[in-house]
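In the two complexes that follow, subunit A is the common piece, with subunit B as its partner first and subunit C second.
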Partner chain A sequence: MRISVEQRLRRPRWLTVAVPFGSVVFAFLVAAVVLVVTGHDPVSTYRQLFDAAFLEKQSIDQTLIVATPLAFMGLAAAAAFRMKLYNIGAEGQMYLGAITGAAAGLYFGGRGGPAPFPIAAMVVAGMLGGLAWALIPGILRAFFRTNEILTSLLLNYVAGLLLTYLIFESESYWRQTKGFNATVFPTGKPLPPNAVWPGWTLHVQGGTTIPLGAFFGVGAAVVLWILYRLTRFGFEARVLGDSPRAARYAGVRMRRKILAVMAVSGAIAGLGGASQVGDFSHALDGDPNGLQKIGYGYTGIVVAALGRYNPFAVVLIAFLLGGLENAGNALQGPSFPAGLVGVIQGIILFSALGGEILSRHRIRITRKTTHDTAAPARAPEPAA
Partner chain B sequence: MKTTRRLVLAALLTATVALIGASTGAAKHSAGPFKVAWIYVGPHNDGGWSQAHDAGRLYVQKMLGSKVQTTYKENIAVGAQFNQAVASLAAQGYQMIFATSYGYVTPQIAAKYPNIKFEQATGTLVSKNVSEYFGRAEDTIFLSGMAAGYASKTGKIGDVLAYPIPEVVRHANAFTLGAQYAHPGATVRVVWTHSWFAPAAEKKAAQSLVAAGVDVLGQNVDSPATGQFAESIGDPWVGYDSDSSKFAPKSWLTASVYNWGLYYLKRVKEAMAGRWTPGFYYGTINDGFTTLAPFGPGVTAAEKAKILAVEKKIENGTFYEFEGPLYDQTGKLLVAKGVKMDVLKGGTNSLYGMNWFVKGVIGSPKG
Partner chain C sequence: MNNSLLVVLVASGVTYGTPLLFAALGELLAERSGVLNLGVEGMMLVGAVMGFWTVERVHANAGLTLALAIVVGAVAGTAMAAIHAFLVVTLRANQIVSGLALTIFAGAVGLSSYLGNNLNLADIPATHSFHALLPKGMQNLPVVGPILFGQNILVYVSWLCVIAVGLYLSRTRPGLNVRAVGESPAAADTMGINVTAYRYAHTLVGGAFAGVAGASITLAITPQWVDGITGGAGWIAIALVIFSFWRPELCLVGAYFFGALQSLAPQLQARNISLGPTVLWTNSLPYVMTIVVLVVVSSGTARRRLGAPSALGVPYVREEH
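Let's look at the complex of A and B:
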């Protein structure tokens, strides 16, 4: 009797949907065990979580506030991970996008002119800022084979320190210097009114505003889908991800691809940063207890993993996970652990990644016979 | 095809959960105990800033019993997370919120919930439903600086600081003035950790201060790492925020401690009786807002008596540490003799606007 783990010849379609679904269910089951052990009732807890995320008054409004950056972070991660380029630096690229986006908003907003112009300038500047920051690990990976996981991750801390420096420790362009309050505590200069991003208000749940950034997020998902599905660029990127050797034989330029994909990933993350400034904080938030404390970039990785790098799935899951985060803040208190939502997210990520192994491999139990001792021949897997 | 199937399944999943969710009732309001909430920027048991606030909350709960229902939210970032926390508290019928970090309460959120009374710590915004509170920790920090000055043989003292903002600069100045009062000519060397709570960075900062020649350590950060290092080399230590003597029993001198509970109790009672009005509260030693933690073994009886004598003088108003003449690091006279620095008035010569170090501080107030 022998147990072997071998690659599947063909990946059944149903498995690719069942794995993310199963990961979430598994995560909630494990978290339920944690809840029971700490003395809470899982069913009522989950019911409250759902209420707080989507049903209560203004809950969708609050959920969108988290879902918008999560969508950008998830798309940025998905864009890179699809090519097995593990850009963990979306968080730092978001900060750089916030910095450059805020600069554009402050500069162009104060100059009058039609409202769309400063906003467009913020979008472009934000994307450029994130793009430039992502190119650092990109160049290091492309030309020096440095592991992009390490470089992009550590650059997140550098970006955070830069963000804090601009507001907390210098009299920079971004810092508010007028007024007494400005001397008491460091804050960012507020955006001029025509650089503030508008939202679309629906009369649902007592007034729900869909921020402009949410529309940009969906737009980015569409662009990313077209890029990876319908263009040669995307095809080459996917081939590079699935089999670098085959791609090289096909003449795909590895270095160029790495730089280009990191640039795309960083640009999306940077746009998320510009959205943070334009939609929500309306100033550059350099407070170490502010944007830097939340960790959207890291949750975005969970979103991308669950969505299996499909841009539309990523957006949907960003909405669902955004609801979970919103609900977690709503529910936490003395009798409810504040870290539970983080625990659930972590288990989801683990389960999703573990599920990936299950969908690519299967466990086979064979009875040993005298003839059949060799492992079955491995046929190459057809492109999924 | 794959995408459609996935979307269909996702929609089914959402629908199923919605069906479960729809069976919940919505009633969360109850006319009964007065509901008041606290919002913390860190964990409620951080051993520093947030824990002191939570001690105040527990005091209110203890004193008012079943007449109040208190809760807290911890690890809430400034910005979107604060707004979410307030939204959910409002939905549950909370009528008063104590926001314990600068920047939490914005004019927008105050306007959105006009029926909730917001109390913001360390801020400046005062409006119809927003009140501010903080207090003269600088008085007790001055006294703790005196203990450091007495304990120092060389007159070289170190201070581990977080961010170069007026609150921290003011506290460092008070510490220095106290050390110089007890030990004329003492200097205070400062190192910035760029974080409110970072034990590893604080230990490194303490190591670099000792390497530069200081023989007493002080701090304006939230963890006792500096003290643990001081204990390991046998140097005296002044803490901050709370009585952390158990982390360094031999090195411990004293610390400035916040007693938020008394103010909290007062304001909650006023709100319950309908007498709450917004204002700017700046607590003192007299109303118990700030006190000195118990002294450690390194403080002699004579020194204790001297420190407590000065405390008495501060209490009855005959002594104020931020009264001129005060010189900056270059020796320039910034506050004339006899002039008392005001909390808010005076620009950079006010307590809330102070961005310069006094003479004797070694280090830059800009970080």
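Let's look at the complex of A and C:
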């Protein structure tokens, strides 16, 4: 018997939906095996997981808190990965966006004035912060051909150290220095009320607040879709991703495009950082066991790859994986296995990757007949 | 004299550099066969947690237990690498995304954390750990004592590994075949070399090295288990392969350089020396220096592509060549 993999001439449409869906189902099945082997009951564990993610009172409210940053991180990764620029620094770019966004909120909020102005300043500052941090690997890649995967990743560690430094190791502008608590445990200075981002509360599940950042996330998805689908810039970026040589012959300016794509990616991640501060923490979170431990930027890569870099799919998957992640956080404790959510995410991504071959190739199982075995098994292929 | 900053830094550079060296040697072998594995960090963490688990659970004499722990770490790393190998060699998935997936799956918030919690390994000191091997008299020799003779057995094993990998790649038939597979799989295939088998074998061996690297962190450097204990060492190891132009002997130099950078911050703090304005600066030095060296290496040799296997990251499909 021989298993051969051959390329499909046409990719059936249903497979583009079936592969991600099947990946998720497969991942849960494999993770169930892991659970059984390590002595947990998969049925009750999964029920706990889904209840905490989507069904319990206020669970969607909590899920949105995770899904919002994940959507930003997923979009940031998708924007770069689509051009085969592997920016895995969304994590650090988010920290920088949080730092600059918080600075703008503290400064402009403190000067009074109506709410839209400090919030707008935070959005702009956050985007600029993320953009600037993303341009470091961008410039190194464009002008020195330095591997952007490594530089962007290593800069995440530097950004994390910077974040911790601003709150824990210095008397910076971001740190709360007044009051009793400040002397006990270092924290970030809280945003003035007019710099706190408003949410839109729905009366479902006992009150579900849709944060302002979630709307910005959907807006970013729309902008990204238009940018990549309907503009010359997006077309050139896609060509450059699929075939750099073709792009060069067509006169696409490589360096400029790398810088622009990194800037877009970093700006989205930075906006995610500003939303972290404005929507949720309302102060810069420098705790090494806080924002930095969650690793939204890395999960964002899973989100982007599962959504096949399509902005709208990314937003949808951010919501679903956000639920999973939220449940993982909520259930953390002796009765619920830690790290399970990362395991499930990893398997989902593996199976989505493996599933890619199903949509691009056809797998054929042919039984060797006596006639076949007589022929040389490894006959050289005719030269193409 | 043995307490002078320079000697201490070089000696701890060797100690801290050893996990980097193991991981980089493994990645080098995989990359030489044309497989880029960005999952080093994840493989190291799983090796680290499983090695630590072995030491906690096996009740034998220290030497035997530690040897077994290293083997278990290697097996765990190999198992992780097998997932990557299957996806990228057999299924021809994108090597970059698959490697990142491996890091997420196995990494600080994935399988390694799951295992660490499930096996109750957090916050306990290791029952056994690696110690300096040679007699005190040799360790106290000036300069060479702490640097060369004050190390644990893993350091000496890593030297043997460097020599073995170097000889393997330059002096043996299979070693030359790997290089052919990494440079031009189509030509290698025509020569009758089994490209798939070579890529599988070297990716798996790479995983074993990463597993040993992880176990050497939890059993020699900081004998305990904490989620994400590698702290980016896997990524620095991948960068090391690039710095070393895919050569094992240069990996050794690079690993010790970065090992010394890692121990720089604690050493300076212990001596109340402040280098630059803040703690931030000394702590981020290993990462920043990695980037700086990476830029120098990639800009200087980008045109010549010194050492990089030509088929690195490219799946091989017989019908398409």
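Here, the second predicted complex is superposed on the first by the 343 of 384 C-alpha atoms of A that agree within 3 Å, B and C clash if a C-alpha of one lies under 4 Å from a C-alpha of the other, contacts with A are read in each partner's own complex, and residues count from 1 in each chain.
The working rule: a contact is a pair of C-beta atoms (placed from the backbone, for glycine too) under 8 Å apart; a residue touches a chain by one contact, two chains touch by 3 or more.
Note that this is a predicted model, so its numbers are computed, not measured.
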item	value
Touched partner set for A:Val302, first subunit B, second subunit C, both or neither	second
Contacts of A:Ala338 with subunit B and subunit C, given as first, second, both or neither	both
First, second, both or neither for A:Asn194, with subunit B first and subunit C second	neither
Contacts of A:Ser23 with subunit B and subunit C, given as first, second, both or neither	neither
First (subunit B), second (subunit C), both or neither touched by A:Gly354	second
Touching partner for A:Leu161 - first (subunit B), second (subunit C), both, neither	both
Touched partner set for A:Ala52, first subunit B, second subunit C, both or neither	first
Which of subunit B and subunit C A:Ser265 touches, first, second, both or neither	neither
Which of subunit B and subunit C A:Ile149 touches, first, second, both or neither	second
On subunit A, positions contacted by subunit B and by subunit C	161, 169-170, 338
In the complex with subunit A, residue positions of subunit B that touch it	1-3, 5-7, 9-10, 13-14, 17-18, 20-22, 24, 26, 41, 43-44, 71-81, 83-85, 87-88, 91, 101-103, 122-125, 163-167, 194-196, 344, 347-348, 352-353, 355, 366-367
Residues of subunit C defined as touching subunit A within the complex	38, 83, 87, 91-94, 96-98, 100-118, 190, 227, 231-232, 235-236, 238-239, 242, 278-280, 283-284, 287-288, 290-291, 294-295, 298-299, 302, 318-321
Residue ranges of subunit A touching subunit B (in the complex, touch as defined)	13, 16-17, 21, 47-48, 50-52, 54-59, 62, 65-66, 161, 164, 168-170, 180-181, 183-187, 280-281, 285, 287-291, 293-294, 310, 312-313, 316, 320, 326, 329-334, 338
Residues of subunit A that touch subunit C when the two form their complex	6, 34, 38, 81, 86, 88, 140, 143-147, 149-151, 153-155, 157-158, 161-162, 165, 169-170, 295, 298-299, 301-302, 305, 337-343, 345-347, 349-350, 353-354, 356-357, 380-381, 384
